[in-house]
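Letters A, B, C and D name the chains as they come in the text, with residue numbers starting at 1 for each one.
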Amino acid sequence: MTYTANEMMTVAAARALTNDDVCFVGIGAPSAACNLARLTHAPDITLIYESGTIATRPNVLPLSIGDGELCETALTTVSVPEMFRYWLQGGRITLGFLGGAQIDRFANLNTTVVGPYDSPRVRLPGGGGAPEIATHCGQIFIIMAQGRRGFVDRLDFVTSMGHGEGGDHRERLGVRTRGPTKVITDLCVMEPDPVTKELTVVSIHPGVTRDKIVENTGWPIRFAGTVAETPAPTERELAVLRDLQERTRRAHAGEGTAGEQAAARTGGK
Amino acid sequence: MARVLPLAAAIGETVRDGDTVAMEGFTHLIPHAAGHEIIRQGRRHLTLVRMTPDLIYDQLIGMGCADRLVFSWGGNPGVGSLHRLRDAVENGWPNRLAIEEHSHAAMANAYEAGAANLPFAVFRGYKGADLPKVNPGIRSVTCPYTGEVLATVPAIRPDVTVIHALRADRAGNVLLEGIVGVQKEAVLAARRAVVTVEEIVDDFGPRSPNAVILPAWTVTAIAVVPGGAHPSYAHGYYKRDNAFYQAWDGIARERDTFLAWMKEHVLAKGPDAFAVHARKAA
Amino acid sequence: MARVLPLAAAIGETVRDGDTVAMEGFTHLIPHAAGHEIIRQGRRHLTLVRMTPDLIYDQLIGMGCADRLVFSWGGNPGVGSLHRLRDAVENGWPNRLAIEEHSHAAMANAYEAGAANLPFAVFRGYKGADLPKVNPGIRSVTCPYTGEVLATVPAIRPDVTVIHALRADRAGNVLLEGIVGVQKEAVLAARRAVVTVEEIVDDFGPRSPNAVILPAWTVTAIAVVPGGAHPSYAHGYYKRDNAFYQAWDGIARERDTFLAWMKEHVLAKGPDAFAVHARKAA
Amino acid sequence: MTYTANEMMTVAAARALTNDDVCFVGIGAPSAACNLARLTHAPDITLIYESGTIATRPNVLPLSIGDGELCETALTTVSVPEMFRYWLQGGRITLGFLGGAQIDRFANLNTTVVGPYDSPRVRLPGGGGAPEIATHCGQIFIIMAQGRRGFVDRLDFVTSMGHGEGGDHRERLGVRTRGPTKVITDLCVMEPDPVTKELTVVSIHPGVTRDKIVENTGWPIRFAGTVAETPAPTERELAVLRDLQERTRRAHAGEGTAGEQAAARTGGK
């Protein structure tokens, strides 16, 4: 079965999730990965969206972080202050998903500005929940398509901390959570080195060369001593994912206009 | 005590030039009709506060209503940039826009502190992040028991908060349900509060004993604007118009198409233009 | 993840000698059956935390389970004193009881801070009151923006919180409704949580989207004890037994009548003794 | 129509309430007064009990601060932390009712201990909500039966601040609310002197002598230049109050045992 690089990324992320995880889910690739996990090997995984929806089981993927579908299928929905105080800061979330416009070798992320903060070349949306998701969740997975624009030697702005300057930087700041433990791209899976915390390629997706990864990374990327080949998506994984995406497309098309179908294909925050 | 007024009067009596205005709604229940009314009334020099500046703030900023924006995530959800916000920040059009930027956690805590009549909020936040370097409002206190240093932000206390809710009863009490966001906190933190609603009912009837209700004496004015959250949505009334969010990217990308759209759909219209969105779902 | 256990096992596996235990419920949903089980299991040297020590704490204190009490209002509501509490404080019977006393506002904030994983709570409180003179845990911080000095209390972080709720579903999620007090905060602030419930249902069914629900992964153990709040009450199940609160005054006034009552009604009984109170209402 | 001193006290308190008040209601005399006001001249008065019940309209008087009746007839019920944070500290309450075991000439109250705090002669229930009710509500009414044991020259413990040491003491502590503006007893109504804040008798209930008030006050009580006679309870006031109390008695008797009826007569916190 053929599959896209994006499908490989989503499937690789889904596999890393377990039944016991309580996930703080962002829209787009994280949402697809979390729901794919829920519909395959992790039926009891708990999905939480920052809009306040706890233990939600959407039948179709949401387009925004606060779609009605999320609330209608949730165990319950709490206020946003409660979400950030009792649930995120309260240490109840085992796993957070983040992405960004830029990432560096220590998995710090920038979603704030390209260029100087006071006179930005590009003003990005900003941090949203990321600064505290990055430090309060038990661990962090990052999903990003890999390329030189995003995987940079030096961030213009640290929106959310990964491993900071590396080593024990998190501990030195009094942060007790693990931080980014996996970066899942459309080319490979990286994990921080146990000591230096520098991102290291541990698994390469089928058909991807080391050169391609090097070319698409803005710093001299390191490879682990033993690098695995990511198992290709199984037929079942692809079938469930495509079915979910097709169901999503049909549901949103059913609601209204052609524009809505276009929006469904784009995905929403 | 809440008075039921036409939207123009509700906004006219509560929102003044130079005010700090919070228009809240977390994806759900965003008060678009009220935003349009503020634009029509030509309010100027506003400080706009909102966790997720959405199309509604893109419109207010593009029409020159705002001097300052306090926010934590400024994008068109799932689509991309807010072009009018970017044009103001990057190029100063139609005027320079000062920004005060926070994280979601900081703003949620700041609204909560405002509702609780505290001057500031304490939270564990911003560790290892750059925002405290560019926002002097982010400070710290030391725990008097453990010595731990925690982040602080000033409480948000808007001059006026504007929200859209599902319905009010005849006494002027207001009910929200579903994704309730920070609206209760934003209303209780504010000096004045304006609420647009889908409808006014005789009585809320059977409901959860713990329903999210704002008593009439916490609200300044209520305006009935069916469909008033569009292109956002109202739980149980109508769905989010994702197509419009998508279309906005093209409308707002250029100044002239933006201005033409605002002229046709906002300046030349009134609150009753929103009713079609409520009816479509019914 | 919540495990459904018999009450004796639920308490036996979670409440240990020397623990800090919060048994909450604000008039409504007080976990009396669980309190009796702690007494039967002979727990000792507990620090008991509760805003309103009620009959349940009078019983625990009188049976010698507690070394310390953290509280904000210790009386028999509408009747008068808690005689066992007074005997412990005034005469050291059956043992000396150290007290840490707060206001309701302080304790509510301290639970809230515990749920939010903060080391302390900030509030405007205790102005002109003597409690800060006798409770060294009441301190202050200075607002980094206004210079105002505000009161602080340490967060409450119990080893175990025990509550009574209306019902659980098969997955172990727990629903509360009505006067919900500080129970959600007390559970989320604790290391372990035990919940007794009136019943377990297949599914909560149609409900408010904003229903007060504790997910199964916030609860350690659930025990089904119909009537388990008696003489407190369970919204929609049975009413408060005011007669018993009244009668308690006579039972608890003297040590021997107290001990005789405890022997007959607690030590010689089990959780199923509570079922009669649930049935009476049905 | 004859009436008891306690009925006079309740009626006098009820009359001081207005339709626009948002009252933080305690159990017992305050609850009776507030509901009497609601059932007579102030039908739209908002009653809040610290258990979280907002805008409640009980058909019978509650026995405890958290009776089911309060929740069932409320506009909504919030958590106790929310009640103390958003509603009380938030400055949303115009009027709070307090009572106590002891009161002094500046309307400070003691409900904590008689004797030294560390080895009390009598351990009272403690402050509960009072310390913050006393400073956050727009103004405070105090209801207490008058006698030398309660109206004392010096409190053993200041549970909640009235006017502190008198004068501008509240302002000096940064408290901006008015504090106790009325003390309503079974003998008279007192108000603080506008400057010194010392309690001053402004109205004496019918049939009560000045001597009786002096005898029942533990400090040299002051009388205003002009002292009114409290108008006796009207027939309507008495009828509504007694009807409410009879309805309360019947409702609670209907629930169960003789013991419950006894409890109903005693009243509850």
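One rule holds for everything that comes next: a contact is a pair of C-beta atoms (placed from the backbone, for glycine too) under 8 Å apart; a residue touches a chain by one contact, two chains touch by 3 or more.
Here the structure is a predicted model, which means the values were calculated and not measured.
Here the chain-to-chain distance from chain B to chain D, counted in touching steps, is 1. The chain pair with the larger count of C-beta pairs in contact, out of A-C and C-D, is C-D. Centre-to-centre, using mean CA coordinates, chain B is 39 Å away from chain C. Chain C and chain D have Cα centroids separated by 27 Å.
Inter-chain centre distance (chain A to chain D, centres taken as mean C-alpha positions): 57 Å.
Residue positions of chain B touching 2 or more other chains, listed in rising order: 116-118, 123-124, 148, 178, 180, 184-185, 209-212, 235. Among all residues of chain D, those that touch two or more other chains are 71, 77, 85, 89.
Chain contact summary for the complex, chain D toward chain B: residues 20, 22, 46, 54-55, 71-72, 74-78, 85-86, 89-92.
Listing the residues of chain D that touch chain C in their complex gives 27-28, 50-53, 63-68, 70-71, 77, 79-81, 83-85, 88-89, 108, 112, 117-118, 120-132, 134-136, 157-161, 164, 169-170, 173-175, 252, 255-264, 266-269. Touching chain C in their complex are the following residues of chain B: 116-120, 122-124, 137, 139-146, 148, 150, 152, 154, 177-178, 180, 207-212, 235.
Within the complex formed with chain D, the chain B residues making contact are 1, 115-118, 173, 184-185, 188, 209-213, 215, 217-218.
The touching residues of chain C, when paired with chain D in their complex, are 26-28, 51-52, 71-79, 81-82, 85-86, 89-90, 101, 103-105, 108-109, 111-112, 123-131, 134, 148, 178-182, 184-185, 212, 233, 235, 239-247.
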